[in-house]
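The structure appears right after this line, and notes come after that.
The chains carry the letters A, B, C and D, assigned in the order they are written, with residues numbered from 1 in each.
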Amino acid sequence: MKKLINDPRAVVDESVEGFGLAHADLVTVHPDPLFITRKDAPVQGKVGLVSGGGSGHEPLHAGFVGRGMLDAAVPGAVFTSPTPDQIIPATAAVDGGAGVLHIVKNYTGDVLNFETAAEMAEADGVSVRSVLVNDDVAVEDSLYTAGRRGVGGTVFVERIAGAAAERGDDLDGVTAVAQRVVDSVRSMGVALAACTVPHAGVPSFELAEDEIEIGIGIHGEPGRHRIAMEDADGITQRLLDPIVADLRLTAGDRTLVLVNGMGGTPASELYIVFRKVAQLLDGLGVTIERSLVGNYITALEMQGASLTILRVDDEMLELWDTPVNTAALRWGA
Amino acid sequence: MKKLINDPRAVVDESVEGFGLAHADLVTVHPDPLFITRKDAPVQGKVGLVSGGGSGHEPLHAGFVGRGMLDAAVPGAVFTSPTPDQIIPATAAVDGGAGVLHIVKNYTGDVLNFETAAEMAEADGVSVRSVLVNDDVAVEDSLYTAGRRGVGGTVFVERIAGAAAERGDDLDGVTAVAQRVVDSVRSMGVALAACTVPHAGVPSFELAEDEIEIGIGIHGEPGRHRIAMEDADGITQRLLDPIVADLRLTAGDRTLVLVNGMGGTPASELYIVFRKVAQLLDGLGVTIERSLVGNYITALEMQGASLTILRVDDEMLELWDTPVNTAALRWGA
Amino acid sequence: MRMTTDLDAQWAVRWVRETARVVAENRALLIDLDRAIGDADHGENLDRGFSAVVAKLDSADVPSTPAAVLEQVAMTLMSTVGGAAGPLYGTAFLRAATSVGDADVIDAETAAAMIRAARDGIVARGKAEVGDKTMVDAWTPASESAETAAQAGANAPDVLAAAANAAHAGAVATEPLIARKGRASYLGERSAGHQDPGAVSTALILQAAADSAGGAVA
Amino acid sequence: MRMTTDLDAQWAVRWVRETARVVAENRALLIDLDRAIGDADHGENLDRGFSAVVAKLDSADVPSTPAAVLEQVAMTLMSTVGGAAGPLYGTAFLRAATSVGDADVIDAETAAAMIRAARDGIVARGKAEVGDKTMVDAWTPASESAETAAQAGANAPDVLAAAANAAHAGAVATEPLIARKGRASYLGERSAGHQDPGAVSTALILQAAADSAGGAVA
């Protein structure tokens, strides 16, 4: 394992410290317990947005802290959800009197830790709501799993709910917008090569030179199935089909598309995937209103990509276009 | 070799096509000969900025086309400088009557092709100036080399010269600002693992599990020397020292810092490097006025990082802060 | 007899110190198990958590009742482990503490009740059933065997030993199962063929409980 | 004799087609040489360029003089190869065309002058000297041997053969050199121990010239 790190156990602390130094105009890093708030938190009268989860998915979540998006991010150890003793003070720190929304990716660990934190924050007098992001169509949402995972859709939820909060929506309103995004967004991912968790020191799985994993998540876990390597257009079709089916996308639908790199994939390859997505959606009569192409929710240095599609309406689009000023997403500011 | 590509020979065309689809609001892609212009080119009365070079360094250069930065980008084949027949029409397309500046990274191929193009564009009646970016301190600038390579400093040159052009400076003025940035910027890079050029199909060099290459460029070429793996703080020191020495940085100096990922390095690791850079510069009494941390000039999926430091003055800083609206760098817009 | 075999606060301290030791020893094993069907962090998470538990014990006065020790363990795990295992083990130790009350010592029946409480807490939090390929598949037989042993008149150390043995067997028996809860469930049928990391760590923890009590483990 | 050995436009066409063939055949070799001390594109660049040259020949009327063929090659290489080799080989073919003028056939002396002109064009563009570990290290002995052969009364094919042989030797001789121009110079002493890709491709190109003329190659 070769990484630009010092002590594997200090990876998160040191990385977040560096993040705080690089973006001192945008965020404040609270070191112990570790969480990150937007510089001007708490914004009085505004609903606070808190998200968090295991580290290793950067820029998610800290890279999305700032005006028009998150008020706080709570990073856990690598691929390990944070603990309530981090989430509780983060929640308190961004409560401007209008309550706080927790945006939680649907993993058992995240759900349990945020649940506990929400209860205790409520006991401390903060109104807390939660939305669970569960957009990964690779996982059947059935009795036989922990439910669909939260992946790329999280970026859209954080941005659009963040815009609604900035607009002045109340806690119920922001929660409703966030839930609407959750209900309309789906994702699917592929890995060409695994990543190596610093404390583990070996790749999370081994793939032969001619194999890829379809239906991977963002934690270096193996995917739903392993297939022979295909070209970018073929793989893109495999990512798109189950999303189109699940969302029942049809001619006239309008979408927001994210072609996301898993950390170790060159931008040039992501654009080749986007090209095919655009062609295929065009063929279906589906419009891409806005798009993101790049590393937004990663799995360390994993090689691969994920596709996320949100069916948008006028309001979501309007919220999307309002100013946002974070380390990883910025416009109008 | 596993890549999200179709035909290795179509990589650049398809990727740029996807780029054009994803950023149709910002750029126009001219397919044959291939170049990319900002949507509203030519901007009448404004000096046009053209850069280009081999592909595989994305987001450089196409990602920097837009208001406040480049007017055109000319992508060659992977790691191969573009040809005059691309550069000439790109130059003509962005000439708004105030002339055009070519920003050329110092590689024999780039220099020769841009030289030819400049001559022919001049013959066609366009005023053309050139600046050569040569910021890589890994290469001695001596009789025994082709001169220092152009690497991360290019991002600063494109941005600051782009701001000067947007401000309305004339061709001599924009050229002078660009040259001033070139004179004040230095870089140094490290690779933990090589990249694979699509048409070559095998990694550009092999490193043992405990080796790294110091002094690498952005073309997958081997570096100046190979050393045993070190921790991030040690490596950062090795990147910083020669830059500090070459720029003669001393207490009171003000800088703009880029910690750049080579394509396959997680953002978290880049922030660990930035943390150490900030500590070390702070120890020297050198101020970091602004910073960028991320993938700005890459070598496909190479694992590693480069450090670029520009000594800034008030004017450069003021230009830096003006609005920029490109796919990869955006603020105030 | 009762004087020597009942479990006091010192036993609780020995238990968590021994757990820290075996977790550190098996850190790589637990990471590997989790790497196969999860995200490769279970060993690291527990190691971090139990190291913190030990640091806490070292830094402050040791609580005077078993329940107080267990409660402190629960709070420390909750705030340092994270992931799924943090809240689950946190809840387990908290429920265990509650079930013991303010007694100075734990006898065989209380020991069995304590394990039952821990197990029920995990089920309440995680909603897993037996056969879902989770730590519940170790805790459930452990709790049942502990109760059987206690009813049969075993002393507290032997109750713990019975629990540990059953937990081990339960962990081994998770191998062929297809996961239906936790991260491994995302793999579907590919989750079969590997033991569940949480079930294995449960066996280690209960083994440490028995060893610290001097129970006769098979 | 003159009728059969002088080189006409058909020879020029055969030369570039044969070059395209050997470049394609040696694409991987040239990539590998460039991978060792450069950026692994030389074989791909030349293959793309000479494929375009052939496509151009296939798509239009073949020019009627050797110079016209060579000029078309020069323009196509300039606009399709890129990198360092594109302008250098482009210039070489352009200067070669100019030196030949509008003659219908090329005799031995003209052939030698043509190679000298190509070599001088490369030096003028790239500013490399002999010993810098570049294609100049193949072109320079090639040009000298061609002139020697022509002065000694060899016919045009044999002049080309002399040039090709010398270019091969020159390419081989670049192996121990430390590069002082082009991308390989960044490697400093690590550039020693590998042949220069451009010198090797130069030998292939001149070999194709000789082979297309039926010269007696050693």
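We adopt the following convention: contacts are C-beta pairs under 8 Å (C-beta built on N, C-alpha and C of every residue); 3 or more make two chains touch, one makes a residue touch a chain.
What you see is a predicted model, and the numbers here were worked out from it, not measured in a lab.
> Farthest from chain A in C-alpha centre terms, which chain would that be?
D
> I'd like the Å distance between the centres of chain B and chain C, where a centre is the mean of that chain's Cα atoms.
Distance between chain centres: 55 Å.
> If you average the CA atoms of chain C and of chain D, how many Å lie between those two points?
76
> Rounded to a whole Å, what is the gap between the Cα centroids of chain A and chain B?
Using C-alpha averages as centres, the distance is 29 Å.
> Any chance you could list the residues of chain C touching two or more other chains?
Correct list: empty.
> When you draw the chains as points and link the ones that touch, which shape shows up: line, ring, star, complete, or other?
Drawn as a graph, the chains make an open path, so a line.
> Per the touch rule above, enumerate the chain pairs that touch, sorted by label.
Going through each pair of chains, those in contact are A-B, A-C, B-D.
> For a test of understanding, state which residues of chain C touch chain A in their complex under the given definition.
For this pair, the touching residues of chain C are 31, 35, 37-41, 44-45, 48, 78-88, 125-126, 178, 180-183, 185-188, 190.
> If we count contacts the way the header does, which residues on chain B are in touch with chain A in the complex?
On the chain B side, the touching residues are 1-7, 11-12, 14-19, 21-22, 55-56, 58-59, 63, 192-193, 207, 209-210, 212, 229, 231-233, 235, 259, 263-276, 278, 291, 293, 295, 298, 300-301, 303-305, 330-333.
> For the complex, which residues does chain B have touching chain D?
Listed in rising order, the residues of chain B that touch chain D are 9, 33, 54, 76-85, 107-109, 112-113, 115-116, 138-139, 143-146, 149, 197, 199-200, 202, 204-205, 217, 219-222, 224-225.
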